[in-house]
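I've put the structures underneath this note.
Next come two complexes, and both contain chain A; in the first it sits with chain B, in the second with chain C.
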Partner chain A sequence: MNERARLLLSIADDELIVGWRDSEWTGIAPTLEEDVAFSSIAQNEIGHARALYELAAKELDSDPDALAFDRAPDEYLCAPLVELDLTDDWAKTIARRHLYELADELRIRALIASDDRELAGLAAKIDREEVYHRMHAQMWAARLRDEPRFRAAVDELWPYALGVVAPAQRAELARRVGLSDDSSLTVFGRGEHTPELAELWNEMTEVRRSVPGASW
Partner chain B sequence: MIFEVFRRERKGQPFAHAGSIDAPDASFADAWAREQYGRRGESEALWLVPRDAVHQITEWADEFDLKYRRVDGYSIKERLRVARERAGTAPAVDR
Partner chain C sequence: MTAEEVWAAFEEIPDPEIPVVSLVDLGVIRDVAVDGDNVHVEFTPTFLGCPALETMKRAIEEKVSELGGAAEVAVIQDDSWSTDRITPAGREKLRAAGFAPPAPRAAGTTTLVQLQSNAFRCPYCGSTDTKLENIFGPTPCRSIRWCASCRQPFEQFKTI
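The block that comes next holds the complex of A and B.
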């Protein structure tokens, strides 16, 4: 697989899996309004994944659904941060949104500035939706800033957040989050997976696997 | 705090009351209203008004039954037709 396909799949997998995880809150978010907003953001992320899989599919002579659902769990290129099952903990869920959006913003900015015109164009389009995701994450982070549970969640997820961006972007991410990217930290980076990914994959691909090759 | 939400479907149309949002502050109201009342492209613009800012009138004094102030049973159509004829601006086909 070439570098471009790898890059596209890494981001697409992040967006698909984080969208899946966030959509697990549908119906059980803290308030009705937040339920609607959170579910809508989750759907947006999956929409971004779709657009990225389409580019990757052209590169790999495949199709977007096959890339999203027909690979084995260990072939996914997502960062461990997005795999974690946090559905029992809103503070951790918001901590992940907050960290993920900050990391994603760095990544998108770099893509918009890249020479890959097709990918830069898509990144700019995605960014216009991400503005509202960031607004949502920021308002929650500001509100929970002094909550010990939220602070502990951010600290706990920080080594995972560092794994979302390229090593060269980690210092900048640390500056934005206000935490240290000390080299003694064990970063949970791309390439390794949590056991939760296999569980998620099982559920996510269940229907598609039930009738292989069917068109839905 | 409660925000009353008004939405406009298209430019040029009036804003209509859509519902309300109970949010801890204006930034939450913004994010929530955006999704609740606009995620399907059903609104071109929203107004969020803190309920406290709404000056409400519910009390009416009509002690003497001043029916003649109302337009019930008063047909303006005929008077309008005559007035238009007089002014020479009658429409070609009577609507």
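The block that comes next holds the complex of A and C.
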């Protein structure tokens, strides 16, 4: 797999899996507004994944759905941050949204400035939509800033957040989050997977696997 | 078949989720080129998370085949579509149907402070005594606001 396909799949997998995780709040979020917000954000992240899988499919002479659903769990290139099952903990869920959006923003900005015209154009479109996800995350981060549970959640997920961006972007992410990217930290980086990914994959691909080759 | 005829036909294709506006009103048809029976259409999606994209693409193909042509729809996945491309007629149709049209993007990226201000006009009574209820609504392209004057919730088209 070439460098471009790997980059496209990394971001697409992040967006698909974080979208899946966010969608798990549909129906059980603490307020009706958050139920709507998480459902809408999830739908949009998965839309971004779709557009990125389409570019990756052209690169790999494959099919976007096949890339999204027919790979084995250990072939996914997402960062462990998006894999974690946090549906029992709202503070951690908000901490992940907050950290993920900050990391994703750095990555998108870099793509917009890249020489890859096709990917830069798509990144510019994604960036406009992400503005609303960032507002949502910022609003919650400001509201929970002094809550010990939220602070502990951010600290706990921080080594995972560092794994979302390229090593060269880690210092900038640390500056934006207000935490340290001390080299003694064990970063949960891309390529490693948590056991939660296999569980998610089982559920996510169950219907598709039930009738291989069916047209939905 | 001329490009003008194709454009006129596209004005009859309703948006799948807000059927008061057509695809032409939405500004998602960027270009139409007719070459004999072949019609090349450039289409720019609205929100990437919009589930109506496939439906729109199919509707374009069906409309061209009703005219006796064959459509080739190129989906342009860049930032060339923004809510500024919604036509004045489209904005008026949105307002009449109870959707506040998007604020101009020309003024820059929308901020939370702007959304939380009462700068948005209620599409029912025209009052600006409105507040943000939720950045997110029933589809990715809409927010929910509340009008304190006529005591109605209403949907606000997001600026992108």
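What we mean here is this: the second predicted complex is superposed on the first by the 216 of 216 C-alpha atoms of A that agree within 3 Å, B and C clash if a C-alpha of one lies under 4 Å from a C-alpha of the other, contacts with A are read in each partner's own complex, and residues count from 1 in each chain.
The rule is simple: contacts are C-beta pairs under 8 Å (C-beta built on N, C-alpha and C of every residue); 3 or more make two chains touch, one makes a residue touch a chain.
All values reported here derive from a predicted model rather than from experimental measurement.
When both complexes are superposed on chain A, chain B and chain C clash. With both structures placed on the common chain, the touch criterion links A:50 to chain C but leaves chain B unconnected. Once the two complexes are laid over each other on the shared chain, residue contacts for A:121 go to chain C alone; chain B is not touched. Using the contact criterion defined above for the overlaid structures, shared-chain residue A:143 touches chain B, although it does not reach chain C.
After overlaying the two complexes on the shared chain, residue contacts for A:132 are found with chain B and with chain C alike. For chain A, the partner that touches more of its residues is C, with chain B and chain C as the two candidates.
Of the two partner chains, both chain B and chain C are touched by A:40.
The contact surfaces that chain B and chain C form on chain A in the two complexes overlap at residues 33, 36-37, 40-41, 132, 135-136, 138-139.
Those residues of chain A whose C-beta lies close enough to touch chain B in the complex are 31, 33-34, 36-37, 40-41, 132, 135-136, 138-139, 142-143. Against chain C, in their complex, chain A makes its touches with residues 33, 36-37, 39-41, 43-48, 50-51, 54-55, 118, 121-122, 124-129, 131-132, 135-136, 138-139.
Per the touch definition, chain C reaches chain A in the complex via residues 47-51, 77-82, 109-112, 115, 133-140, 144, 158, 160. Of all residues in chain B, only 21-25, 27-28, 30-32, 34-36, 39 touch chain A in the complex they form.
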